[in-house]
């Protein structure tokens, strides 16, 4: 049996979450699906701004193209902010998703209105753009944040507590489901849901990586990929630019 | 290995599409997933109006409750119009979907804007309601129809031709993906996509049953079901009403 | 003088509000209009879920068809949630309304933005669907609730007090008019308005039954009914299903 | 029996439509309702621009205040564009409507989506503003026009023919009801509807004056008027300005 | 060098703000731009209602037509509520703006979402209409007010303090920029911004007059004016009405 | 007199339009404003995809940071698609705009609804994203294209002709103003407007570079820049990544 092969691109240089990511992904893989996880080889160790997204995009799309060359069936860019996803969708034919779209569409499938709880206020305007681009703004009750820097994500108990508080506030505002707004919020969705259920507010809590990995399996099984009428193929030859970058980066830096 | 068990409720009494439905479903099942398909035992042989939806809803929700009792993991009501789905979501805890929501959300994952092509103009206002309820109206370019009665769905060649024509028109209007707006449009998505690609308009064509079956597998793997804050449990005892209906129907009619 | 004859269908089996309903209706009848009020003969004694709506719909639409046969001019389904209204609009040619649409459109005629105050949180997602279907979501400031079970509606003083509190909150949020979100909130609109006016917040308070009964008189005078392009006539023969149900119900149960 | 007294302000100086207006109004009056119709005493003989609206507004609001002083119960400004209505709503406590709002809300009560067919393209941007203000833009399919100057409204046959053509086009675009976008389109709604029904496109056709007169009766019966939180009372004393104008106008008229 | 000549129409009779207006305007004039500021000659000394807007509109549009006759290049109606602007746009060919549109579009250029802080609650529904007309409602977080009568605008310290408080609240609600919602809020924007920046909430604070004067210079440099497809020229001859009004007002009142 | 200094970054390597850009910019400069125009030093010679945007972004933001260091007052990225603008807004404090936002907001200031006419269909989904991000989607009538590759922009006559045709179609669809959707459409706006006016459809035609250069002058005069609550400053140190890229590029490639 040939398996569905998913390339997981962790778009930060820091690999300390990799094991946790792998656990999370394995939990939602079908028996006929497998994955390979790699970090970007160039970029920052976290992404909290448009600029940091840019810095890491070069390596993301390079890895995406490699994944297609190596016959992977689908690509997951393991970041809620979906850095490089639109570009990669132009460059490869296999389906590519980030964390935002699958998580939000899952929430949309099980609830009318929902909130996103992310790490810091700084990224909320970037989420707002993603929400507007996806055309589901009217279903968003609020964008909240736990006010914990991404580096502190390892304080799991504190994270769960803050997510619970913010989720309760979201529900008070009208949310019927909660989307975890950072793929680094690993292994907490069930706990937050449990706490909410204990308060008689049993909102589904959506973990973005699980939503993404299952959506990719679905797309592969359906034979559906990003529309070429939304993501037109980029003109064939970038006229020598990118290859020269590649040459450089091969030597020292970009990668 | 315990398999993911999906109950497929065909909400019309006519079983002539059953074999084709089964083929379509099998094509997107993971090795650890299985399904059982049943027709409603009471109702009409097609659904083209709100009234016909109502007539078939009693049996749909009865089958949904049975499915939960029999430890199924998920329920698919095999109709684009999603008859009885909202009610069933109140009555059972396992995830329930119809054809509309998964198909449209799949389109939303791969394109900005898309159109639905259904059978007849009469159901378009019902689709409009579903679109409004889902909160994605701004992404809908148009609701078109092939103008073929559901009973004529078996003229496969004619159906493909008409879908191709309407899809081209939708793309002309701005659509970047096409949603097949009837679960009876079986085994045609790939052909329509091929024709569009030949015209250099390679819009993804979404088959609703495939979208639904894959979404249910995703929800089960994630442990996510419809929100109880959107679909509150109905008050426990319907005060003798439903049981009396059951008593009657057990004897003669409703079922 | 032939009078405008309005059939009022109380879609619950409980008749304890009937006298109050009648008083409310009489207050807004023109001299050339009359009504006949009946309870459903089958169903639950209150409606707080989609499932309960379904359980009562069979009798509602049966009564609606009878009303047309008996030459009534219009039909009011006396429930804010409008159970069975969409179906009845397919089945009869005379105008049919529930409580939601007339009340909300009345608010829309006298204010830019308004809130709905209903009984319990459980029905708010159902209201949200109605709001989306009507296409006026942007004018809704909030959906609030008094947190009183429908059965306790008879505690009039408490109801008025809670409505006043919630209305004040709605006004604080930006509402300029208040829609009472349950047709069982009888004979309280004027009192709530008075309390608001005393606080210098004289928002109009709309009682849904009054809005519905006056709208029906308007539609009849104009000769306007639901559009057959929104509510297509259901295919002529439901193929023996419904008539068999009728046969049963004639004997024992459904009615 | 004290009757509901409606003041009808024809906001143009031309009285040639008055008899027709009166016929139309009588057709929808309840036995306990009556009306008095007057033309503005100052202004233009038709309104096709924002400037013409302004020129006629002084007399409109003067007549509105007089109507309240004379104990009328409600005011109808007999023009689809609703000139002076917002201002009059600030100045009097009795309900005031123009033609647009009642007609559009009536369409909204009987169909999901509808079009307006007016006289000339020049007023469409003014309609667009009214639509946006009412918050129902998403339900508007299109604003079309018969391309007949208001002065030619008397060519009834031609008007019906052009309305029929444009209505068919609107229905083709998705409209399910038609709103006549000029109160001068008198006594044609039924004919247009008949023609549409003959084409199997039986969209309701809404005549704005009938919608307005019936809505006013409804508001009076309900005891509801424009919200003082939307239309705040203008500061008490316009500081001598208006009274001096009054002094002038008392002598000669507004002019 | 011929300068860009801007006519500034202060649409209230009170000239006590004129010097401050002039200072504010000078601060944003290019070397090749100049202005002439006049008060309306007829009307009220402040505008806080639709009625007051009307009372002052006659003089506004008269001054606008004079400005065009005198070869001015652009017109600014110095009021956030934009009284008479739509009418003046019909009557003259040179660009006309009020305070609202330029300020809000400036906010839209530098932030996703923003709030307006005005003087009193009474004008918020009028702002809501302007927001809806401009089609940017979804970007508005809230309309807040400092609760100071326009006449008290001269208490500059109190105004700054109240603006700061309300701006902080707006930012808490999600606003990323603040629009001062009254052109009488002169010479306070920088101070409010400074206070916000000190709180680490450095939202831009937009002064409407500065936004308007700079936008007019931009429009003149680009050779762009209001669209004649939005603001059709009013029919040529208002049939003797307006000229006769002029005759009267020349003698006694209107002007 | 210190002049307002605007840095114009032409985000493509091709300099053949530079003289034309300069002419266009000079036409709208105030006497106290000046500009310096540079091409990116690394990237592609045109931008028609997300990927090409990315390839040119590194140099764009480098030039933006230099511009701030060199005490420029404002930055214009001379491309309708606004590549790198969001990132640059994070990195510098002086105002940065691209072509899209100023042009669309100018259209919004002079018309209710408008269309964009761009070069090729491939970029329309990218425009759709910009429109959604700006929150003005409801004012967009359509996105049309002249179907001319950017390289052929020099065929001025053909371009004008095609723009005229598409503008007429846009107006037919409801547009009241036309936005030229490519900054390479130089020196054609007046001609297209003239042709439209000759057809009695005098829609304003907005040239994006003129809109951008005038908006920047306005922002500088007002002392307003992008909101730091929308464009948070990126974390201070990109942790060695970017500086290493700079080192490389200094030697050979990226710059």
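Which chain is which? They are A, B, C, D, E and F, in the order written, and residues in each are numbered from 1.
We take it that contacts are C-beta pairs under 8 Å (C-beta built on N, C-alpha and C of every residue); 3 or more make two chains touch, one makes a residue touch a chain.
From a predicted model like this one, the values you see are computed outputs, not experimental measurements.
Distances between chain centres, each the mean of the C-alpha atoms, put E farthest from chain B. Between the Cα centres of chain A and chain F there is a gap of 30 Å.
For the pair chain D and chain F, the distance between mean C-alpha positions equals 45 Å.
Centroids of chain B and chain E (each the mean of its C-alpha atoms) stand 53 Å apart.
Looking at chain A, residues 112-113, 125, 129, 133, 135, 138, 176, 229-230 sit in touch with two or more other chains. Judged by the touch criterion defined above, the protein chains form a pattern that is neither an open path, a ring nor a star, and not fully connected either. Chain C makes touch with chain B in their complex at residues 42-45, 48-55, 57-58, 61, 86-87, 90-91, 121-122, 125, 129, 132-133, 135, 229-235, 238-239, 241-242, 244-245, 247-249, 252-254.
Chain B contributes residues 1, 27-28, 30-33, 95, 97, 101-102, 105-106, 108-113, 133-136, 138-139, 171, 175-177, 190, 201-204, 206-207, 210-211, 214-215, 217-219, 221-230 to its touches with chain A in the complex. For chain B in complex with chain D, the touching residues are 125, 128-129, 137. The residues of chain B lying in touch with chain F in their complex are 112-113, 138, 176.
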